[in-house]
Every structure is written in C-alpha cells, then in structure tokens.
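Two complexes follow with chain A in common, the first pairing it with chain B and the second with chain C.
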Partner chain A sequence: MAEGSKRVLIVDDAGLVRRFHRDALGQGGFDVAEALNGVEAMEKVLAEPFDLLVVDVNMPQMDGISFLKALRRQEGPTGAVPVLIVSTEAGPQDVEAARAVGANFYLVKPVRPEVLVEHAALMCGGVR
Partner chain B sequence: MPLIRKPPSGSLVPPPAPFDAAALSDGSSDVRWAAVRVAASRPDAVALLGGALARERDPRVREAIFSGLARIATEESAGIIVPYLRSEDASLRTGALDALHVMPAATAAYLPALVTDKDPDVRLLSCELARAQPAATANRLLCAVLDTDPEKNVCAAALDVLAETGGPEILASLNRCAQRFQDDPFLAFSIDVVRQQIGTQPASARE
Partner chain C sequence: MNEFIEQFLIEGRELVAQGSDDLLALEEQPGDKQRIDSAFRAFHTLKGAAGIVDFTAMAETLHAGEDVLSAVRAGTVTMSPAVTNLCLACLDQVSAWLDEMQKTGEVPADAQTKANEVVQRFSLVTDTSTHAEAEDDAASRAPDVLALTPPARQLLDAQVRLLNDNGADGRTARWLSAAHVAANVLRHLGHVAEAGNLERLAETALSAGNARAVADAIARTMESVSAAAPQGTAGAAPLADQTLRVDVKRIDVLVKLAGELTVAKNALGHLARLAQDETNPARLSVALKAQHLHLERLVSELQRSVVDLRVLPLQTAFQRFPRLVREMTGTLGKPARLMIEGASTEADKSVVAALFEPLLHVIRNSLDHGLEAANERASLGKPAIATVHLRAARQGEHIVIEIEDDGRGLDLARIRAVAVERGVAPSAVIEAMSEEEASALIFAPGFSTAAKVSDLSGRGVGMDVVRTSIERFGGQVTVSSRPGQGTTVRFTLPFTVMMTRVMTVEAAGQIFGLPMEAIVETVRLPREAIKPIGTASAFVLRNRTVPLIDLGQALGGKGQTSGPEATIVVVKAGGHIGGLEVDRLGDRLDVMLTAPDGLLAGIPGIDGTTLMGDGRVLIVLDLQAFLQ
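Then we have the complex of A and B:
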C-alpha cells in the first residue's frame, strides 16, 4: 500500500466476495478494510474516515439499504462519503431503491476486478 | 437490526401468558410490540403473528415478530417467514433470513425447494440458509447447486458456504462448476480458494 492511498471499506457478508474485492482493490493501489454487515460498517465509518464504501445489499443484521439510510443521516464528511453498491439484485427497482437512499453508483455482481478498480478510482476523484 | 438469539434448548417452558390478540393490530406501535412479545411465548399464536407480520409497517414491531416466530421455531413458524425471502424490501428479506438462520431444524424441510426455486434471488438467499444446516446436508444441497444452477451468483453463494462446510466429497462438483463458468474470474477465484481450503483444513474442522 502506497502512503496516502485512498481508503476503501468493503461491506459484504460473503467471505469470498470480500477476499476477491480486497485483492482487486489492493492490487489497484487502494488501502482496504472490511466489514461483514451494516452494523459493523457503521462502527467503522464512525471510528475512522474512508474515501469510498463498497456495499452489498443483502446482509444479515443490517442490510445495505438500511445501512445507507443510517449513513446519510450522519453529519459532515462521514455522511457524505461516496458509496458504490455491488449487489446480486439486478432489477431497476433495486437500483432505484439504492439511489433513493443515497447510493452514488450501482454494479451488479459478479464484478470483474478491473471494473471494480476503475469505478473505485473514479469515485475517489480519479486518484488512488 | 439486532441479532436474533437462538432459542434456549432444554429449558423449562413456562405456561402460556394470556394475551390480547386484538392488540397485535390495534393501538400504538408500543402496544403492538408488547403484544408481539407476549404472543411469541405461545406456539399457538403462529397464525396470529403471521397475520400481524403481513399488516405491520413499523420496523421495530416487524423485527419483534420475526424474533417471536424464530423463538417458536416450528415448521409452521418457518413457513410463515419463508415467503418474505421474496420481498422487494431488503429489510424484510434480511429479517426473514436472520430468523430462518436461527431455526435450522424448522427450516430444513423447506430448503430442497428453496435452493431450486424459480427465482434466482430466492435460491441465492437459500444457499446462505444452508450454512446453518449440518455440514453433510449443506454439502449435498449446495453441490447440486454447483452442478446445475445456471446463475453465477447463486453458485457463488453456494461456494461461500462450501468454503466453510465442504470436504473432499465436494471436489467433483467444484470441478464441474469451474467447467461450466470458465469465463468468470470471480467464480474461478472462489473455486480455487475453496479447493485450497479443502486441501489445508483438518477434517475435524468441517464436522
């Protein structure tokens, strides 16, 4: 990880998905942290700053949509951090539900590593 | 949404508390919530809780109903919850998934149909439910998914569970799945990870 790397939080209950996204983003020059669900993600974003959140929708304890609602109620930079939803839910109603609660972009799984890195870079202002 | 705790096993069952069924649908959300808590101690209240779940809009009361049905933990209470896996509302799907996850014995009868459901979203969530089943049951159900399911994401969900439950007996299904989805980098990565784990994990860790 290079000094000053953009910091990304991956929020997904599937261990293989977290590992795949972590490898892709890590090789893309990002500094990556992980959370297993919305509850854990909220604890992490309140404790430290992130440049981007990569969030699944279907997760135990707190789903991605509920997490995003709670996130956007936070004041300051925490509530404004860019969110990339990466979900198996591919219907237009799913994309709209995520957009309505403040998602900045939506990708449908499975996502190719280069596509994930490209979107993460764009959403972090073009800088890794 | 708080974690739903597993019902205690082997404890003495207190006599059913009296409750006002009308309070499940009338009054404030606090009244409904309190009524749900009482109803959850009565296995004969499953149908009433099911009706209340269909009407309820308050997330806290819904959560209490899911918890109550999970505490009752019968096939009937699981059957009330299963249709919510199809909900368009992510919080309802999550509530259903969490509740079914803590009542694996009650859910077991529904799994063979769920993992072959016509809706790939339901099949995907059902793979996660298999995680709570005994490893042999989970492996049998999920190997069939790897062998036949046409959706990459459903196979990926099955692999995520098999990474935890699988042993050498799943290798043939892993190979067949790898053949079916040769062009997908995520599935190739996941299958490699599971193969490696099977090769390095002691058998006792998977039982």
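Then we have the complex of A and C:
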C-alpha cells in the first residue's frame, strides 16, 4: 500500500466482512489493518495511531459498544479517534446506542464499497 | 437580446476572468501591489457595467468585493485565504448571473436575495478582521466553491449531535472525535481554511467544556458553505462563445477585400460588354484569364481572412485551469502549481472550444495519479510543491499543447500487465512493444474502462476518450515519460479546421453521412408512388421524374422495400438529381472529413470519413459518384 495513506483499522469477527471491507478500503487507497474483536482492537489502538476505526457491533469477547465505551475513556488522541460503526442492526435504538457511546457515524451492512470509501475519506479528511 | 446586454455579457466574462486570475496570483504573492490594483479595477469596472444595464444586485455584490479589496490596498485588511475565497465566491455569483442572462436576456429574479447573502458574508470580514479572534470566526464562515455532498451533510449533522450530547462518560474524547471528523469532512471537500479554524476553535472551546460553540460553528459553516456554492460554476463549460470578439485589424482586412471584390465585379461587367463587341476571341480570352487570376487571388485571400476571424487565443480554454487546479489540489491534498505558457497562441474557435474537456482530463490525471504524495516527494528529494506545465505553441500549420508534470512517470511494467489483463492485445505483442509503443497503450480503447482502479500506472483513467476527442479535430495525442521525473502528454492539432456539414442516414443497418450542400429536400412517399422503370425505379416530384436509388441495396446490403412509405433524400450533385431511399434520417453534424485511407482508400463513392462522438467511424458518401 502506498506510503502516507491514512490508516484504517477494521474490527469485525467475520472473515468475509473483514476481507470485503479491506479490499474496498485498500482499493480506495487506504492502509488497512484488522482486528477480530474489541479486545484485539484495543490492543492495536493503544500500540499505534489510526485515522479511523471501522467497527462491527456484534462480536465475541468484547462487542463494538463496550469497545467504544472503553475507547472514549482513553486520554488524548487515542480516545478521540474517529469511529464508523458498520452493523447489520438497522433499528433506531441500535443507532442511538452507538451514538451515545461516541460513534461518529453509523452505516448498515451490507455497505457498498464506494459508499464505505467515500465515508472513510470524508472522515479522514482524504485518503492521504 | 439588446446590444447593450450582449456587450455587457462579453465584457463581464472577461472581467470575471481577469479578477479570478488576479486573486489566484495574489494567493501566491499576497503583497503584489499591481495584482491588487488590477483585481480592484476588475471589480470596479464590472460594478460600473452592472450599473449601466440596471443590474443593481450585481453592482451591490461587486461593491462589497471592491470594498474589501480597497481595504487590502490601504493595508487595513490582509489578503487571507478567507478574503480570497470571498472574492472568488463573489465572482462565481457574477458568473452564474451572466450565464442566466445569456439564456434569458434579463436580470434573474432572485438576484437580490443572492446579492444580500454575498454582501452579508463580506461584512463579516470587513467588520472584524482587525481582531484576530473575530477573524477566526469570520473565516470559519467563509465560503468556498464546493457544495456539501449528502453523505458529508449527514456526517456533519451526526457530529453536531455528538457535540450536543452532554453525557459525562468519555465526554471529552467524544467531543474531540466529533470536532476532528467534522474538520476532516470539510477538509476533504476543499474547505481547508474552515477545517483549520474549526480545529483551533475546538482546541480552546472543548477544554473549557463548551461543545455548544463548536456545534454552532459547524452548523454555521455548513450554511455558508452551501450558500456560497453556485451549482457547478467552477467546472461547467461556459455558455458564452456564441459571440466572438474580433480584432479590428482583421475587420479592416475584410473591408479592404470587399472593396477590391467590388472593383473586380465592375471589371467583369466591362468584360461582358467587351464580349459583345469584341470580334477577336484571343483578346477576349486574355482579358478573361487576367480577370480570373485576379478574382482567384481575392477569393483565396478572403478565405484566409475569414478563417482568421474564427481564430481565438487559447487563453479562453486555459483561463479556468488555475482555479480548477487550486480546487483539485486542495481535495487531493497534493500541493501543486500550474504554470501556463503560450496562452496567447491562437487556434480555430472550434478547436479552442473543444480543448477544455480533454485538457481537464489530462491535468486531473496528472494531479491524481501522476504526482506522488507529499511525503513520498519529500523522501525522493523532490520539491514539496509539484509543478504542472501547460504549454502551447504554434508550429507551422499545427498547434502543439503540452501538459507536463514532475511526478513519478509512467510505470511501463504495470501498463503492459494491465493491457494484457484487459485483453488490449495478445501478451506476446505487448511484451515485444518498444517503450514508446507501450506508453501509448494508455490511449487504447478498453485500457481504462474498468473505471476507477486508482493508482494503476500513474495514469489511465479515460485516456482513450481524450484521444478520441483530439482525433475528431484531426489532431494527435502522444505521451512520453521519464521514470521518477515526470510525464508529458502532447496534443498536436491542426491550426485551421475545415468543417463539413453532413446529415446522417441509416441504410442496411449502417449509418452514413451525406454532405448537406448536396441535399435538396427529404420526402416520404407511399410505396405505390414509386414506379419501376426497366430494372431501376423512379418517382415523380413536382412534375419531374427523379430516379430512385435504394441506398442499402446500392451499398451491397439488403434493400428496404418493406413498409408502406419510403423515406427519400433528394440530392443534387454534379448536375444530376436523384433520390436515395434510406431506412431512417439522422442528425445534422459539423464534422471534419479525412480522406479515406487503409481499406477504404480506392473504393469509389466515398468522400471521406470522420470520427463520431462515440468513437465510431462515419463514412460520408460522394454523391456525385452515386448519381452518375
């Protein structure tokens, strides 16, 4: 992947979804990393900076909502990293729950690749 | 439209262009006194012109811009990006009004409302710019030209909601992330100044627990940004160019020629009398020949002068690029400078008008794919600000236009691989190609059809479209590149373009062109009105028997004897009249004919070929050959 691209962390337990999102964002010019659940995501976020997290809600070990709650308790830039929730749940209560813990935006699966890339680029202020 | 308004539209557009030029130059060199004066004059003159045609709203709008520029001249306001954006937005509004006036001939009805909006935004800068804090605020409302896309709007709305949520758990991080995302959205759409202002505001306001201030600033910025974006002014093709400004000297030449033609005509009258009286045919012939030569010279001179009238400086096509490049580099986050040379080079009006799109395509490709990202440039030791040259020069009977960037150059290995993958040619052929031939693969149809696979080869988005549009004018496109040093795309175009007007018709499932000058009329006749004469057929048109040729059959296809009515084009060529039966009538087009070559060369009945808009070849028939 091209150097200087914005770094995106995909957090999803489903391999197919991770791959789909990775391909879309990778083709869109982003530098992509992956995590299988909230615990793994937290480890990665604490270890290195990301420009955007694309996070699923229903995951084993630590779900998206708990992860986000824990994330926003972090001090400094780590806690304030932009988060895009991508979930199969489309109910208003689901969207509201994510917003309440500090999700910056919510998209419902399946997300078309160009839609994902457009939102990621907007939220990162560009691809580079 | 009355003459006043016509003149106003022409001059108005020139002044808008002048003003934009000056403002962009000032962005590079904010202290350039001459440019400030020139920008001021452009606004001032435009304002005066608007007053003359009773366009009060436009005059008020320009007055606001003039005020700011006058303060800049006096040194009380600095030429900040916010001021530049405001002035450019003002000119955009004027330009949109001029387009509307061109269509309707009248002052647009909602002009006053729009004028008030622009004027109000100006008042923010002029009132508060002396206080640093207030300037931040004003600049955060400063408009730019890109409208908010629906996802951008939704994202910004979501951030405003996050900021308005006072829940204690993880509050600071939540707010910071919201401010950060909002700034990023603005930055991605090119509103760089607004994004910076928002971030600065968030830094102080959020640590003081004042998320509401940030939420309000986002809402305000959304308002001003959408209000300031007159739809598509920056990129849309101008409506102008139905009128032509002509150098007075060129008109003088025509007047002189008209005078000489009158003298020549009188001389012909004299010859006619001589022919009546003169008994010596040899003497008459000498006099006639001399007169013929004289007329020939005058007519060819007239032809040249008329072509000259159609000549425009390329400036008309080039002038929008500095602005567009500024916007594109902002969006892409790749600082680049456009250097224009030879904008005064002249070319045929139709060429100049058709150049904008292909140039835009190539320049956009250069910025998007040709140039490396800023940090990559830094690691390569290249200047941080990339340079794209746009050059034009006349070379004999040709115009040469070059777009040169100092980016990474073409990745020939990738281009070969992609060409093989897309099946442009067999892989053995592609592998055997020279570097030059491999570079040219980017123009191959089908090379870049898979839409936006970005970062492919440093190039390749729709270059076949560029090639087609340049070839339509009998031009050529070539590309050359040096790895790591840059890419140059070169258009070579004919200086004069002789257009032929044709009508397209469909016969035997194919489309053909018929020269308009040969077409007398088109008629529909009931089948029984067509009478067989021997092996051929004919019909009667106003007491005259006209032979009928079934075009499809004549061209070796299937005839069209079905259907109750026949569609017939009556043509006249070489002193013969005839009817051509066709399946369908098509459009009228102005095309540039090229002599038939390759397989078509030597086939009688073909006048020439031309490329149509969709890239298909249109065969234009030589009707004289058909009728004999």
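Following the convention adopted for this analysis, the second predicted complex is superposed on the first by the 126 of 128 C-alpha atoms of A that agree within 3 Å, B and C clash if a C-alpha of one lies under 4 Å from a C-alpha of the other, contacts with A are read in each partner's own complex, and residues count from 1 in each chain.
Just so it is clear, a residue touches a chain if its C-beta (ideal position, glycine included) is under 8 Å from a C-beta of that chain, and two chains touch if they have at least 3 such contacts.
Worth saying up front: this structure is predicted, and the values here are computed from it rather than measured.
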Clash or fit (per the criteria above) of chain B with chain C on chain A: fit
Contacts of A:Glu89 with chain B and chain C, given as first, second, both or neither: first
Most chain A residues touched (candidates chain B, chain C): C
Partner chain in contact with A:Lys109 - chain B first, chain C second, else both or neither: first
First, second, both or neither for A:Arg19, with chain B first and chain C second: first
First, second, both or neither for A:Glu118, with chain B first and chain C second: second
First, second, both or neither for A:Val57, with chain B first and chain C second: first
Partner chain in contact with A:Ile65 - chain B first, chain C second, else both or neither: first
Contacts of A:Ala80 with chain B and chain C, given as first, second, both or neither: second
Shortest CA-CA distance between chain B and chain C [superposed frame, angstrom]: 16
On chain A, positions contacted by chain B and by chain C: none
Chain B residues within the chain A interface of the complex: 1-3, 88, 90-91, 93-94, 97-98, 101, 121, 124-125, 128, 152-153, 156-157, 159-160, 163, 184-187, 189-190, 193-194
Of all residues in chain A, those that touch chain C in their complex: 2-5, 27-29, 69, 71-75, 79-83, 99-102, 104-106, 115, 118-119, 121-126, 128
Residues on chain A engaged by chain B in the complex (per definition of touch): 13-17, 19-20, 23, 39, 57-66, 88-89, 93, 97, 109-113
List of chain C residues in touch with chain A within their complex: 149, 151-152, 154-155, 158-159, 161-162, 165, 167, 169-170, 172-174, 176-178, 180-181, 183-185, 187-189, 195, 331-334, 373-376, 379, 453-455
